[in-house]
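Read from first to last, the chains carry the letters A, B, C, D and E; within each, the first residue is number 1.
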């Protein structure tokens, strides 16, 4: 079932339905993500948030068609502008990748092939998708770098990745991703490896992209703060399943799923009173192969009941939010 | 850059000096190594022995002898063999070098092409039967003693199947200079090339495959895929180009060792009068001037190759370029 | 005198070229057998005219180093130098046992010893020119003999030290004048040699290659890779020790004595170096080369015999293999132990290691078949004893050997055999080790390159108990086998040049050998008979274990004829005809 | 692939990494086949005397050129004369198909099959011991250089450089030539020239730079490892850090290097023996047998081919096993190149 | 110059003019720690914050003599430990411990947990009873496991069988084995998931309560530092730019850099506040700008900032800042 964001009137750009990815392990199939469904509209920034192992990167790479581990099984549907991407031929997928959907990764340090200049690598992507000479490509590269706020873009284009600082590198990565004017940008933890001051700059850059380039962004992160700062809407993942979705402001103000609540509570507050002890969540997020039956969060949940041994459906929880919890509508556990 | 270069030269000289002193001392510690009797001839009278001893300076202190030998080897370049009167060692090595060079270069071309093809193919088809077959082939290549493989090749091409169309063109063992008859040169060397290349094909295809497979996990490879590049382009421009750094550095060292005499077993089995065989002969005859010259020659190659590899590193890897 | 010899073993291609060079022998050969050779002998009687011309291409594993004829001690180099240089006297250049004794070459006459063997007088032939056009004169002769000392010829001491003033020349070569030793009269072209003590072998030594006559202005040092001018039918025009040697006709040559230095048939003789034996054989079989210098490899003897019987060359040499027993170290300081090994060793097996009876024959005496003084006898075979020797070797006598070992009380001792590294030596050494093991010794083999081994076993410091080696004479004589190897004078402790490897010293036998040698100045046959007695007397003491005498087996191309192998010069390159 | 895609760890509780690796290895068909082949070959070689004495009735060390055997009721010479007009040359008997001289005789009339087994004993023994000794020395050198660094490291590294600068076989040959004459004297101990210890020591020495390098690299990584820092922080003395923290982790490198080194040693041993510089007569090794067979390659190729195949099988099995170990222990990068 | 601590208990650790420089090839020097002085009182928690490359980890390691200081001195409980020999230092090691960032890397993968925890007991004698007996060790290990909240069965297991949070508990337990007084914690929670991070922070707090520990707590995360610290020191390019009471420094920063940092952190409860306009990347510590190292990025920089490095001086009692133009007047107080 798709998640709709009522405020957005624009056309859905990406529709993901019941996306499941599983991998065989010790003779059985282990689901990495289960029944992920959402819709991303044009010029929308959607935050995909969750702890490690929650399946957020798998979701993104599955959409990009970059999962190629032997034995991996992908089911469900990913429609990009109405075109089905699951099961699309490698050649057709390649034409979409980089041109219509671009992706940036966590570590700008390793995102570039170390032996080529940054400019060369951006040119390469442009030339892979458009019939341009190297000179024309380079012109666009320099222009893009300038747009990304890179000082002295001509010179920077001729430098090798290791010669750039982390911030510049991430700008170059974003410039490369945007080089063919993609309509969808998937950013997988784009700021995790960066310092806060640099992170702030990059986040600023990303949030302006929809205006400057008309791009939608799927932002993947584990940092609630980043989501709150940047995204229009949020999807919280827990152990490969959607825990809760909703508009960013509403969700952070009134989380409907106990996990979201607990997660927000366990972040040490920067302002206001300092609690003597943080309301931590007991235990650790389960690895995919040891995910409990029923609600994956139930073993760590204060309010777990017998019913939680079945998987709760994602159901509306008011305020445009949806939560996968039997007690979501009633329980607003704010501690 | 200059200081790095000078340091390099200094290190090289230390290594060369160390080797030469070691060889020199070991020679004098080895019983039966005194060449006087061999130079003087059978049953030469004690006076003749004395004359030889004096003429060759064997009655001088060791450091003096060492210095003289080095001077003759590097400055006047007229060092003569102890085992074979009147034979100058420098021209001898200069004679042998082209043979080894022909052997090693040809072989290197083969192993370069085949190992890159095999390694790339195996990496591209990782996990398939093609991959497994290629891995196995590589392992078999590594497992065969080169001298034995050479013998078997000789047996097949020169004896058992020499009369069939397949091998009737194979000339007997021996070397024909390229300048003399290029076709005969090629015919004489093509089987040695292949035999020598087999082991390196095995080693290098494995290394390359492992490297490429490891690289496939790298972020930048994922980025390249995310860019929508074709698999071939990713493999060649991003994978192979990056692997080239490791590959070339190993290649340089092996190539140098072979040029420096490491191919001696192949040379021996195929009767090629190259540097390796020369060194081996010098060693078995305990012919110090020739040992010294060949060992210096081979050490120089290895050290030189190290330097060339470093330069290649700088050319291939911009990170190293900035590192110094 | 003589020199070590060895080789003939199937030098397989691994073996060092340098070593091969040293190993080659200056062979003194007697042509024997082989229908092809027999035919060739008949041809040699015909005048050379009809088949002259063409290029003879021979092939050898490696070159023989320096070309200086007074220094070079390599059989292969000797092969090339024979048609290039001449000595005053020479062994006749025809095959068979008649090719002794020496005849006149550059000299007009074979001199008669005067003053009880202290003076020899010769007259030089007229009109002989070196290949540089210079005419041979008496000063060239005197200078050449001085040069033997000045340039440090290996045999200067052993062969020419009887000349007056030679001792001074040996001690101080730079100031060697030899003015009392050699006097010349340019007008009458006479050269007179003055000796301070009689030398019974002086005449053979005037035929020995180190006394080759060179122009007087030849530098008094090793000329290395450039060959000085000579008087023979060819001159060496190109040489690269690792690749080739080329000889062309000497434009100034004319035949002065056919038997001493015959005119040559081929216009050009080319030698190629660098092929191993296997390839040499294949190449000659295929007609790419005319003659392979090395012996046919053991495993291909059958192939050569089957398919190329008419081209195979087999000729005897004064060459045999033996195990020298160190008579100063246990267990072979015990006569019974030495005799035991002589009885026990299976010489038939040794023959098999060399390719069978066609190639090798058992030998159990110290003078080989074909040499002066040879009188076939075998003290150590089944049913024989030193007191009652048999005519030839039949079978090993292990019973007797074991008994002797028991009596000697040496059983169980540790023995190390020092052998050359190369193929047939290895096999012989292993066989020897087996035999020693059968006799109850704790035996092992230590092998090293032949070049190294030969000096190693001579040095008493290395305490070698038993050494496997071979011996070949520089020229045919009994003394080179007995006196050189077993007289007290050839023991030089702590020196690499001590040819008496057995370190055997017996003054009585020494006296007998001296007597035999001096007898030669008067009575050649009596001398030979005396040598035979000395041989038996020595063998009774068993200072070594003679094993096999071998023949050389090589292959000629189909187009080559007139192969003549002489006593002293191996195959005569100049006499090969190309059709 | 993404970082999220971790293969789930095996569910069994409390296993050391060693046991986990052993399990992986046991599940690897290739490695197990290789191990089985190795075991069979080793066992066969160990049983060599049984075969020689009770099955083939030969002495694998005694020359027997003048002897004969009875085949199908006929007495046959072991060295058979050639049937040509010149009576040139003799050929050893070929494969008989009987227990005696199953694979024929070599140029000295010895039973090849029996020698093959005896030769295998020496070849395997030398290569295994050389590998172990080499690992020991490499660990000594590598750990010293890597752990103490500084001048110690510089000196040892230069020394290794010197050894690297000479092609490995040439180096081994040089050492052999020196020792083959007089044996080796180490202080009061003398090793006879024909002692198998000599090739063992030489081969071990020659490969020290090759094995010491990964060990040193590993130690240098380990020295910087946080758990070593943690141990230092706890005041654990250096020797304890070396013994309990560094060495157990270096051990993986050694275990992986082991079979590969043994494979290399076997090849080196055969090369040395082939040049008559390894195992000394009358003892056999596969290398000396190939050398023996070289002279018969045209008439009796089996003499050289049989030991060659034995080498190929063993080295192949060792390499497969080494690969299996490396995958099981998962330290691909530490030992990617051990040649 | 040491800083007057907020309360009157005794000074446990005092750092005076500490320098740590590295010589790089090409005559470059890296000043990782540049003239740092501060002191830590017994029972307090000093938070050390800063972005990557600011030298906070180097400083932490210098404190424990894991790295030799280039100059300056470190006094622990009045005793100068800067140049003590390793042997003399060993008794002090019992009182001074460290917890590392990478919880896996700091545990030897080949040793059982029991073995790892017992190691310090084996090498250090008990001050009263002498050598630790097996029974004493077992008793102590059980005690430790209880303290950090791990099951006793953990002793028999290997590190790889634990999750990241559990491993960090093991690390803490090991640091506690010898009952130290001071623990330097180097980014102990930054590699952990948010939900687990809270547990570990709580554990630190609990242990402090129970055992009266003193911490030097290094982190780049201001929220985490705020949660645990009594005082905070902010580092930039090897120097302390500001130090004082936690809430004073974080909520009323006097240094423009601290201010920039605090504004740059996105926080879920903050919502979309708009991030501050931040320019430039952190310069490389090898080529530090002249004068005040922060001047190229500082919005208030004047000419003097380029030339003269400001000294660390009090703006208030117990609040020191190194700036020519401290922001006391500009501070904004959030509620």
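The rule is simple: a residue touches a chain if its C-beta (ideal position, glycine included) is under 8 Å from a C-beta of that chain, and two chains touch if they have at least 3 such contacts.
Fair warning: this is a prediction, and the values are worked out from it, not measured in the lab.
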item	value
Third chains touching both chain D and chain C	B
Chain B omitted: connectivity of the other chains	one piece
A-B or B-D - the one linked by more C-beta pairs in contact	B-D
Identifier of the chain whose CA centre is least distant from the whole-structure CA centre	B
Centre-to-centre distance between chain D and chain A (centres being mean Cα positions), rounded to whole Å	54
Chain A and chain E: spacing of chain centres that average the CA atoms, whole Å	32
Inter-chain centre distance, chain B versus chain E - centres from mean C-alpha coordinates, in Å	55
Touching two or more other chains - residue numbers and ranges from chain B	31-32, 222, 268, 280, 284, 286
Where chain D touches two or more other chains, by residue	1, 177, 181, 275, 294, 297-298
Chain C residues counted as touching two or more neighbouring chains	14, 278, 421, 448, 452, 456
Parts of chain B lying in touch with chain C, wherever the complex brings them together	31-34, 36-38, 40-49, 51-52, 55, 80-81, 83-88, 92, 95-96, 158, 172-175, 268, 271, 273, 280-282, 284-287
Chain D contact footprint on chain C (complex, rising order)	10, 12, 14, 34, 278, 296-306, 309, 312, 314, 346, 348-349, 352-353, 355-359, 421, 423, 426-427, 429-431, 433-434, 437, 444-448, 452, 456, 553
Chain A residues within the chain B interface of the complex	64, 66, 70, 90, 94-99, 102-103, 105-107, 110-116, 124-125, 128-129, 160, 162-163, 173, 176
Residues of chain D touching chain C in the complex	61-63, 65-66, 79, 81-82, 84-91, 107-108, 177, 180-181, 192-194, 275-276, 280-282, 294-300
In the complex with chain E, residue positions of chain A that touch it	51-52, 165-168, 195-201, 203-204, 222-230, 248-249, 252, 262-264, 266-272, 274, 276-282, 284-285, 300
